[in-house]
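Two complexes come next, and they have one chain in common, chain A, joined by chain B in the first and chain C in the second.
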Partner chain A sequence: MNLKSMKKKANLATIYIISVAIIFTILIPVYFIFSISFLSTREAYQYPLPLFPELRSKIKLENGERGVLLSIYDKRNDEYETLLDTTDFKKMSTYMRVNLSLNYTPEELEEKSKLLLTQTQVVFKAGKDVMHNYKTFFQVTRDAVPALIRSIQIAIITILISLSIGGTAGYTLARYQFKGKHTLKFSILFVRMFPGVAIAMPMVIILANMGLYDQPLGLSLVYSIGSIALTTWITTSIFLGIPVELEEAAQVFGATKLRTFINITLPLALPGLAASSMYAFLGAWNETISALILTQFKPTFAVVVYQALYGSTGQVNLTAAGGICMAIPTLIFTFIIRKYINQMWGDVSV
Partner chain B sequence: MSKEQSIKRRNWNQIGPYLLVAPALIYYTLFWIRPVFKAFMISITDASGHLSLENFRLVFQDPTFIPAAQNTAIIVIFSVTLEFVAAMALALLINRKFKGSGILLFIAMIPMALAPVALGAMWKTGFTTHGWVNSFLTYIGVLDIGEKIIFLSGESNTKNLILIILIDAWQVIPSMMIILLAGLQGLPKEMMEASYVFGANRWTTLRKITMPMLRATIQTAVILRLISALQIWLTIVMLFGFGRVPVLLSRVIYYNEEVPNLANSFRMSSTYSVVIAVIITIVAILYLRVSGAFGRKNGGESA
Partner chain C sequence: MATVELKRLKKVYDRKVEAVKGIDLMVRDGEFLVLLGPSGCGKTTTMRMIAGLEEITEGEVLIDGISVGELPPRKRNVSMIFQNYAVWPHMTVFENIAYALKIKKMDKREVEERVKEVANLSGIESLLDRYPDQLSGGQQQRVAVARAIAVRPKVFLMDEPLSNLDAKLRVQMRTDLKEIHRSTGATTVFVTHDQSEAMSLADRIVIMKDGAIIQTGTPDEVYHNSVNRFVADFIGTPPTNFLSVSVGEKEEEGYRLKGDHLDFVANHSSLAGFEGKEVLLGVRPEDIDILEEAPIEAVCRLIEPQGSHNIVSAQIGEQRMKLSVNPDIDLKIDQPFRLVFKPGQYHFFDPETGERLDK
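On to the complex of A and B.
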């Protein structure tokens, strides 16, 4: 008995050790890209990269040989590092903004350096502009803001198309027996497995003929193909979970089929429908290949970030900020729909 | 009245379902069957509009085709094997409800949910020589201060492929573990217990009882994984560009985005995408076959 309980405890300990190992392996890369996205450019060029972004920097101004000497306190070496010697406060302000993520106007700096007439050095703590990389990413990346809006538009249209068409099909598959039902079910599964790239290429011509190439609606039509299939699968299982007796009871009391659906079935199915909308959103938001192929002057946000990343080589902190912008909505929605997550990978148990 | 109503109902039950699935069918005819047909037609039409296998000849003679196909095959075979074995081992080890299992499962979902572009950014900032991977190794003492591993030298294709497979494993193992764990927890405990009672050891029980009972889940997980492994490209392009470690899908993007103005760019990317689609279709049909989708009518097992 005693031996058994000891064995049980040892088992539990093993489980916890493995779990912690898994969690660390997953979170370390995620942590690093998150942390890097808040580094100033100066920090981003340090090696090894700082573990935590500095939130406040200690700045020192002194009289230099040419003008005012700008230094920053470096924790690692426990000493000040000299950065700039200039009389041009505009230059100094720009330098601080670009390299140190510190926002000071030339006037403020001039004001501070006036103290140097009476004292040998001016030391002050400056709060870092933590969102600096994110702002810069949106400023320097051409089209980032319109692309963001477009991506949201595309996702919303995709949700509307796939909920209305896929939801209806899902309801039918759950409630009716009809010839060809199994064929339909598995063709839908097959559509979902089919590679998007093989649809996107011919769609260049088809959408161009429809006048929808390089248009948000055109991309929504393409994303809806996979998303209708997924919505059908999810909603089938949701409607199967809602007892038919409830609907029949409502009809006994004289409600029409449509009324029963709107007043009884729909409210019960709402959480599941919300989950499938979020899948549709994620599918549209994350997708890159079709978006690359089917857009030219009106890229999606994923394409804009892809192009910024592919082109960039040095600026790791900007790269990281772009990546985080893509990841945030995904993480939020994944957290909300975590219960339904198995279906995302095509859980085929019907 | 009531007779009339019952006739109406019968009619509805016959026609209604078809009316309700009609939008989906129409949609798929317009936006799935039509493009698939069109893609096929483009691939078998040459520049002057005649039917020919010229495009396939061009693709197969593309000097990068063989390396791309080889790399894709190596990545698919090794990554899927590694991921399945590791995920299965982890799922078996933690197959128990315990405090905090919810947190573990949520965190395990993160890698699969991240956008390919976000993953690209993550590994690109990681594997540059001054990136966070080397920094992290320095902090935990694996590397001396100032020492660096050059990950992306690109000299050895084997090393590149190992890196790609490991990166893919990071993304896939956790989610595959969740799927297998869900399958394991759905199994009746009695069978395994009975097997122990009759003196079978763990390994025999696993091989003879657990794995066969988990067959459907394993098939689903592995074959869906095969399909997505055939379509890995973005992280590879982020780390190595288009040329150094080509895969089939990156060739499509290469012709479409990098050299879009060659005389046959469009036909090249189209034909490459058809080649990928054919491979995936074979895998998918194989999957539907083993999962019992075709045998169902003859009283086959329920999936």
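On to the complex of A and C.
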């Protein structure tokens, strides 16, 4: 083996190591939040955190000092951990549901404990309600479902605003020559130099004056500020990449300017528009700080998830479930838009 | 069918670049007219003003006698072939060709028939389902041609449609374009900076320079009767040879011309008034004969075989010229030989203005 091929292999190995490292740094946190969202509260507060959520728990009922003694088998220590000693089966049922994600009615528990009259202990395997956190999240958090709907509304309005305004600006910058064009193009980026919070403060007053405070439309407007700038930049380069001749040909062959735009320019710009709308969507969907400031009774989903962590309900596993719920629309949106982003035509590229 | 007329047509870019300087031109019905000129002479600009893609600064464009200056491209009934093809990459070949027909709300079956017909004419009938990025450059060019003829326009505009093709394909497409023109009979304006393309395609050639028309004529006219030095030099491969000679007194058989290693008599009435002055003699490479007892002595410096003929570089004194020579004539490098300009086949040009003297 000569030096050259060894060098090549070494390079390849380095690339592999780096890619694997990148994948792990991305995947591990994702895996963790995914896994935590299925943990019961008891599991979630164990240290170290279990890597996999248990799907079934082994439960033991015994006669205790005060009443029935509830224990759960702990795999790690190979022993039963006593949780509760009570005669109140309602309390026991609630405890099991909240802390162990196990659904047993007080009647069922009472039925089982009757066996203790004839034997010293009752052991049974209980199937865990894996979706427990998700159900709970939507039950306990302040209007999670309306917040989800609001967030979707906000994202869609933001995409529409930034694509129509940013896209038009991008087209103008790409196709027309005018004085101060480059200054204008650069100054658009100015907006993005200010942190969202800085804009959000004065926005409270402006939106309040417009009657849009605590309204989805108001938030969309605020989010559009940033994404219009980005959309303008992305679409400018997209439109620059579409040869003018393609549009001129359409006009010579009978199309009006509008028709040319719809039939020729738009389809060719679609990948860039899709990418821009992805940015607009993510910006609007994940944003928390401005949303926290600019909403009061109508929070966005991101705010709800945030509050689940910091509010009275603060439980990591619930927050994780909320986080996963928040990621799902993003995944769906990405999946839909992916088709268009990949749809490049010949030499017209992003 | 149609005519195109340009009246004092002028284009000024950005209030300072005068790209077209007020040209007058009449394109006749069914004619294949070629706009020929060096890069930057305003050919594309002229064509785009006819198409309506460029605003007219001054003057008029008339199609069939009607001024179209105010009409958008789609209302001018012209079709265009672009230099970089400009076929739409997101449409199949069929869709590309059918696009204009669909806008005209043509019946679906009719569209299909028309597309098949023009695809046959352009030799792309087997490619109708493909996307442009699955085609070679030559095939894309044919799609552009098919798309242009499908609409049966009054006027065809072609802006260097062959310049992106390789040499062989270019010559082949030339023949095909001429064939298509013959079968459609559409008035055509064709732009090129390649003089051999112009010569082989044109009914008439319009030679442009710096935004102005220098000469208009059939290929034969511009070749054999070039109006000035620029045209004589621009047309023909190799171009016209220019020799500087001084005109002597009128003798019995004509004027005696003297130059570096040159001394012969020419009977050219156009030389009257130039006695004692320098003029430029222009002669085409094929208008020179090699003869034993010819008056001019030359030395062979270089031979470029072309198959059908040889291009010979000859040195006369300090001046060089190129001859197109029958390969049967045995010449060797550095061998002296004698030559003569075929009588009546050479012209004189004013050395200052470049104008031909016997216009």
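The criterion applied here is as follows: the second predicted complex is superposed on the first by the 251 of 350 C-alpha atoms of A that agree within 3 Å, B and C clash if a C-alpha of one lies under 4 Å from a C-alpha of the other, contacts with A are read in each partner's own complex, and residues count from 1 in each chain.
Here is the rule we use: contacts are C-beta pairs under 8 Å (C-beta built on N, C-alpha and C of every residue); 3 or more make two chains touch, one makes a residue touch a chain.
Please read these numbers as outputs of a predicted model, since none were measured by experiment.
Undergrad: Classify the contacts of A:267 with the two partner chains as first (chain B alone), second (chain C alone), both, or neither.
TA: The second partner, chain C, only.
Undergrad: A:205 in the overlay: touching chain B, chain C, both, or neither? Say first, second, both or neither.
TA: Once the two structures are laid over each other on A, A:205 reaches chain B alone.
Undergrad: Contact-wise, after the overlay, does A:243 reach chain B, chain C, both or neither (first, second, both, neither)?
TA: It touches chain C, and chain B stays clear.
Undergrad: In the three-chain superposition, say which chain, chain B or chain C, touches more residues of chain A.
TA: Tallying touched residues of chain A, the top partner is B.
Undergrad: Looking at the overlay, does A:3 come into contact with chain B only (first), chain C only (second), both, or neither?
TA: Neither: A:3 stays clear of chain B and chain C.
Undergrad: Identify the partner contact of A:252: answer first if only chain B is touched, second if only chain C is, both if each is, neither if none is.
TA: In the superposition, A:252 contacts chain C only.
Undergrad: In the overlay, answer first, second, both or neither for which of chain B and chain C A:117 touches.
TA: In the superposition, A:117 touches no partner, neither chain B nor chain C.
Undergrad: On chain A, which stretch or stretches are contacted by chain B in one complex as well as by chain C in the other?
TA: 345-348
Undergrad: Within their complex, state which residues of chain B touch chain A.
TA: 13-14, 16-18, 20-21, 23-24, 27-28, 31-32, 34-36, 38-39, 42, 90, 93-94, 96, 98, 100-101, 103-126, 128, 130-132, 134-136, 138-139, 145, 148, 170, 174-175, 177-179, 182, 216, 220-221, 224, 227, 230-231, 233-234, 237-238, 249, 252-253, 256-257, 266, 269-270, 273-274, 276-277, 280-281, 284, 287-288, 291, 293, 296-297, 302-303
Undergrad: Mind pulling up the chain C residues that touch chain A in the complex?
TA: 51-53, 72-74, 78-80, 82, 84, 86-90, 99-100, 103-104, 131-133, 147, 151
Undergrad: What residues of chain A sit close enough to touch chain C in their complex?
TA: For chain A paired with chain C, touching residues are 243, 245-246, 248-256, 259, 263-264, 267-268, 345-348.
Undergrad: Considering the complex alone, what residue numbers of chain A touch chain B?
TA: Checking each residue of chain A against chain B gives 11-12, 14-16, 18-19, 22-23, 25-30, 32-33, 36, 45, 47-49, 51, 161, 164-166, 168-169, 171-173, 176, 178, 182, 184, 186-191, 193-195, 197-206, 221-222, 224-225, 228, 232, 282, 285-286, 288-289, 292-293, 302, 305-306, 309-310, 316, 319-320, 322-324, 326-327, 330-331, 333-335, 338, 341-342, 344-350.
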